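The same chain A turns up in both complexes below, where it pairs with chain B and then with chain C.
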Partner chain A sequence: MASQDRVYSIVVRGLGWLAIAFMVAPVFVGLAMSFTAGQTLKFPPDGFSLRWYRALFDPALSAPIHAAIWNSLKIALLAVAGTLLFAMPAAYGATRLKPRASAFVEPLMLAPLVLPTLVYGLAALIAFTSIGLYPSLPMVVIGHVVVFGPLMYRACVAIASRLDPSLEEASTLLGVGAFLTFVRVTLPLMVPGILAGTFLVFMQSLDNVSVSLFLADARTSVLPLRMFQMIEESLDVRVAAISGLLIAIVFLGLFFARRVLEPSQTS
Partner chain B sequence: MVRSGIPFVAPMVALSVAGFLMPLAVLAAFSFRDPAGGFGVGNYAKLLADPLALEVLFDTLFLGAKVVTLTTLLGLPIALLYWHAGPRQRSLIVFLTLLPMLTSNVVRTFAWIVILGRQGPVSQMLLQLGIIPFPRSFLFNETAVVVVLSQIELPLLLLPIMAVMSRADRNLVSAAQTLGAGPWRIAWSVLLPLAAPGILAGWVLVFASATTSYVTQAVIGGARHIYLPQYIYREVGVLFQWPSAAAIAMVLLASTGVVMAALAALARHPRLAAHG
Partner chain C sequence: MPNLGSIMSWREIASTHVSPVSIAVQSNVSVRIGESLAVRHVSHAYDAAPAVSEVDFAVAAGSIAAILGPSGCGKSTMLRIIAGLIRPTAGTVNLGTRDVTAVSARARRIGMVFQNYALFPHMTVRENIGYGLSGLSRSAKRARVEQLLALVRLEAFADRLPRQLSGGQQQRVAVARALAPRPVLLLLDEPFAALDRALRADMQFEFVRLQRELGITTILVTHDQEEAQAVADTLIVMNAGRVEQIGSPADLYDRPSSLFVNTFVGHASVLGATVLSDGGAASRLLLDTGDTIAFARDVGFLHGTRVALAARPEHVMLHAAPMPGAVRARRILSVPHGPLLVHDLVLADGTPVKAVAPRTPDVASADLPAEFFVVFLTERCRVFPAPSTTS
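After this line comes the complex of A and B, so read on.
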């Protein structure tokens, strides 16, 4: 019996950590690559330097990349704002619906999560152009709000369903109106969910290709598509520097939002 | 006195109907539009008669199945590790899962170009071991696409499993131990059914994501291995065949739907539903 326990423990630990190493290694490869002193993607890199970061920040050399970064940041921030306006209140409201109503609302809110986003991108392109809305930056934002709304919704529902209704009742009994109660009592309590949702929507929007591919016009170049082109055309090492920056953002975000992103909290 | 949630839900419901359900309905209608005008099943008939399109479709569905299989093989040991870990180690495992998940897909795809490239660590290691005579690239084949997509989608499988496990009742395991079950038996008969709802939820996410990840498929697969997303994009962006692209997208949607329905039916299976 004891030897069986030992074998089990060794196998689970060995395979488990090996699989985790496989899952995490590419992130560190991307990070290490960004500091190469060489001209190519040789790994391990030829020495350490910041030359590709310098090249990336050079306003003349990297102007198209800067435009793409700027567009993507605008889209991501607007998408976060959109999900805060639509999905966050919906998450709160859904926890205060009668069971029959929430049985209808819940699947509708979460449906975009399981639909292949590429199919949605094409559907949105066909539907929007048929009513005279052509691909543009606002169209991309609408697409991202629809597709990533469920992430904000899910993060906020987890918190909203645990709120103590007596806090709102107290506020209402003191004569504070419904709207003010929501803003001053409920919202502050939902901050952990809102933070988690904001981080998730921001990162996903920044990385999205399948919706932007169809809804962005030729003038609106977005960062992931720009990186895709740079990889396909020339294997430009500046892609490594962009990767390094994006990985740094993930580390920063995880540092602050880690507690609220724990699986027991968000799903 | 709890206020009604309807006013808070209404804007999102309106957005979902106008921005989500309506486009899908338009897509469905569009797929029945014949290029010559009028409606009919012409686009679907053309699709089913086109051996290239069918090959691309089946390659894509098989790709999804292969990625689901490999992520499961990789994910189950991590899930067991997570189950047996203490709170601090659990928190570390969650961090190491969220880190790659939140890192851009394009960035991870790029890292894999470095790893599998001619001057990458895989090529150099095999060269030193004498397995390959000169440096070579391991990109541009289906195995590479499966491996890379598995790394990219693995967190999508792990997070639902971890969520289920963190809520699970440890007494079930104690009971099994008291009854004399060894660790393997417990893993198979207690932990696996316990994690099943999370595994099934993860499979749906992995399948939907792996079959439609345009950039990874295009970059790692190269020009010779085309999957449905590239095919659809070519129909739309290069050939301007919107109705036929709509038909292919509907077929992709239907195939994904069939897979998901099958998994949902599996989740209701008595043996699996018992603990869910």
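After this line comes the complex of A and C, so read on.
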């Protein structure tokens, strides 16, 4: 028995380490390549330097990249705002429905997750142009809100469904109306879900190719498409530097999320 | 545990015990008498499944009533109907002279303490208590919150979050929050159920003291008959969506109107029997054990009717030797309970009977006889129609 347990433990641990290796190793490879002193993307890198980061920040050399970053940030922030406006209240509402109604609504809300985003992008392009709306930054935002809305929805449903309904009843009995009850009681308690959803939507939007490909116009270059072009043209190391920056941002985000959220949940 | 009817209730203790603290608090709090409540022919069904039917009762201004019943009896539905969280399918709810049936929960001016207290977890004690005071000026609001903090003795905890408080403290915050907007009626849903036994008695006492000071009409819902008897002036016993009986704790204990009330409020042993004689001033019951017992009164059933005899433990007399009218019983277990000894007995037909007798000190339970002869105090025992076998 003991040896069986050991085999079991070794297999489980082995699988775990393998998964971590596959997830983390590429991140480190990308990070390492970004510090190369050489001319092209390669691993192992040729020496160590920050030249590609310098190049990335140079306003003259990297103006198109900066424009793409700026567009992508705008799109991501607006997509987050859009999902907050639509998906977050929908999630709250769905948890207040009768079980049968919410079982009906849930798949509808999550449908965009299942649909291939490439198909959605094409379909949206055809649909929008047929009513006279042409590719532009607002169209990209609308596409992202639709495609990533379910991420916000899921994150908020997870929190909202665990909220005690008697909290709202208590608020009502204390003479506070439905809207103020939502603002003063429900919304603050949904903050962890909202933050999780915001993070997911923001990162997914920043990273999205398929929807932006169809819905962005020629003047609206977005970061992932720009990076793809750069790799296609010249294996530009600045792509790795951008990845390095994104990794840093994600880690900082996670770090602050822990610092900000943890004390309020445990102390 | 048998209820002996002699427990001094918190109402009685609270009215004799007035601490200097409570006097000081009293002078601070404007005394207002709550409004009376009348529930008239209220029925409600969830998706065609009836939850309460034809519930009708009134609660006098300033008194405490307890809606008492087993889980699923409709008592919580009743509380939510009174609060306005549920609109009943039929009937009216009146507060004082107002018919509030169509008034929203928000506008009824009813305070409610939820079973889990429903404190806002992201707000401090102070913020929780002040939550319902949005109509007041900042300084009036602060003064009112301080007043309530003093009332429930939580001044030192004002800036804590609910999760940093003990269960008893949370309960007091919930009471203070409900009282802050000066409601005309206070509702409590199983307010003491989440507290451990020792704390529960303290909190009940504390609560009754508070209620006396404020004079607010109070309705609490509980499944615990001892709690209901200790706290409430009036008990409303509910079963299967209907009111079984309304009365004072002593009324219900001494004169239960149904077998359900007899067994739910205090303990009672129930014996199957058949009425032997009808008419005349006396009657006899043929117990299912084959014994016959005599009643000095007419029990009010026709000859041959199947009935249930309900006997409280203190109405079961134990004798060591056979005697006329006595029923043979086997002793299963005897448990000392303070000055009393509680006996679990079984009759010849397997019917369990509980009896209570004064305990002789230094006599071990093992030395008691294995058999007793039981005499029922028939003038105290109640006779009800036999429960139908289908239910």
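The rule is short, and it goes like this: the second predicted complex is superposed on the first by the 253 of 267 C-alpha atoms of A that agree within 3 Å, B and C clash if a C-alpha of one lies under 4 Å from a C-alpha of the other, contacts with A are read in each partner's own complex, and residues count from 1 in each chain.
One rule holds in what follows: a contact is a pair of C-beta atoms (placed from the backbone, for glycine too) under 8 Å apart; a residue touches a chain by one contact, two chains touch by 3 or more.
In this text the structure is predicted, and so the values were computed from the model without any measurement.
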| item | value |
| --- | --- |
| Chain B versus chain C as contact partner of A:V183, first or second or both or neither | neither |
| Partner chain(s) touched by A:G30 [first = chain B, second = chain C, both, neither] | first |
| Comparing the two partners chain B and chain C, which touches a greater set of residues in chain A | B |
| First (chain B), second (chain C), both or neither touched by A:A248 | neither |
| Contacts of A:E169 with chain B and chain C, given as first, second, both or neither | both |
| A:L115 touches, of chain B and chain C: first, second, both or neither? | first |
| Shared chain A surface residues [contacts with chain B and with chain C] | 169, 172 |
| Chain A-touching residues of chain C, taken from the complex the two chains share | 83-85, 104-112, 114-116, 118, 120-122, 131-132, 134-135, 177-178, 180-181 |
| Chain A to chain B touching residues, read off their complex | 1, 4-5, 8-9, 11-13, 15-20, 22-27, 29-30, 33, 40-44, 85-87, 89-90, 92-97, 101, 105, 108-109, 111-120, 122-128, 130, 142-143, 145-146, 149, 153, 165, 168-169, 172, 178, 182, 199-200, 203, 206-207, 209-210, 213-214, 224, 227-228, 231-232, 235, 239-240, 242-243, 246-247, 250-251, 253-254, 258, 261-264, 266-267 |
| Complex contact set, residues of chain B against chain A | 1-13, 15-17, 19-24, 26-27, 30, 74-75, 77-78, 80-82, 84, 91, 93-100, 102-115, 117, 119-121, 151, 154-155, 159-160, 162-163, 166-167, 182-184, 187, 204-205, 208-209, 211-215, 218-219, 229, 232-233, 236, 242, 245-246, 249, 252-253, 256, 260 |
| Touching residues on chain A, where the partner in the complex is chain C | 164, 166-167, 169-177, 180, 184-185, 188-189 |
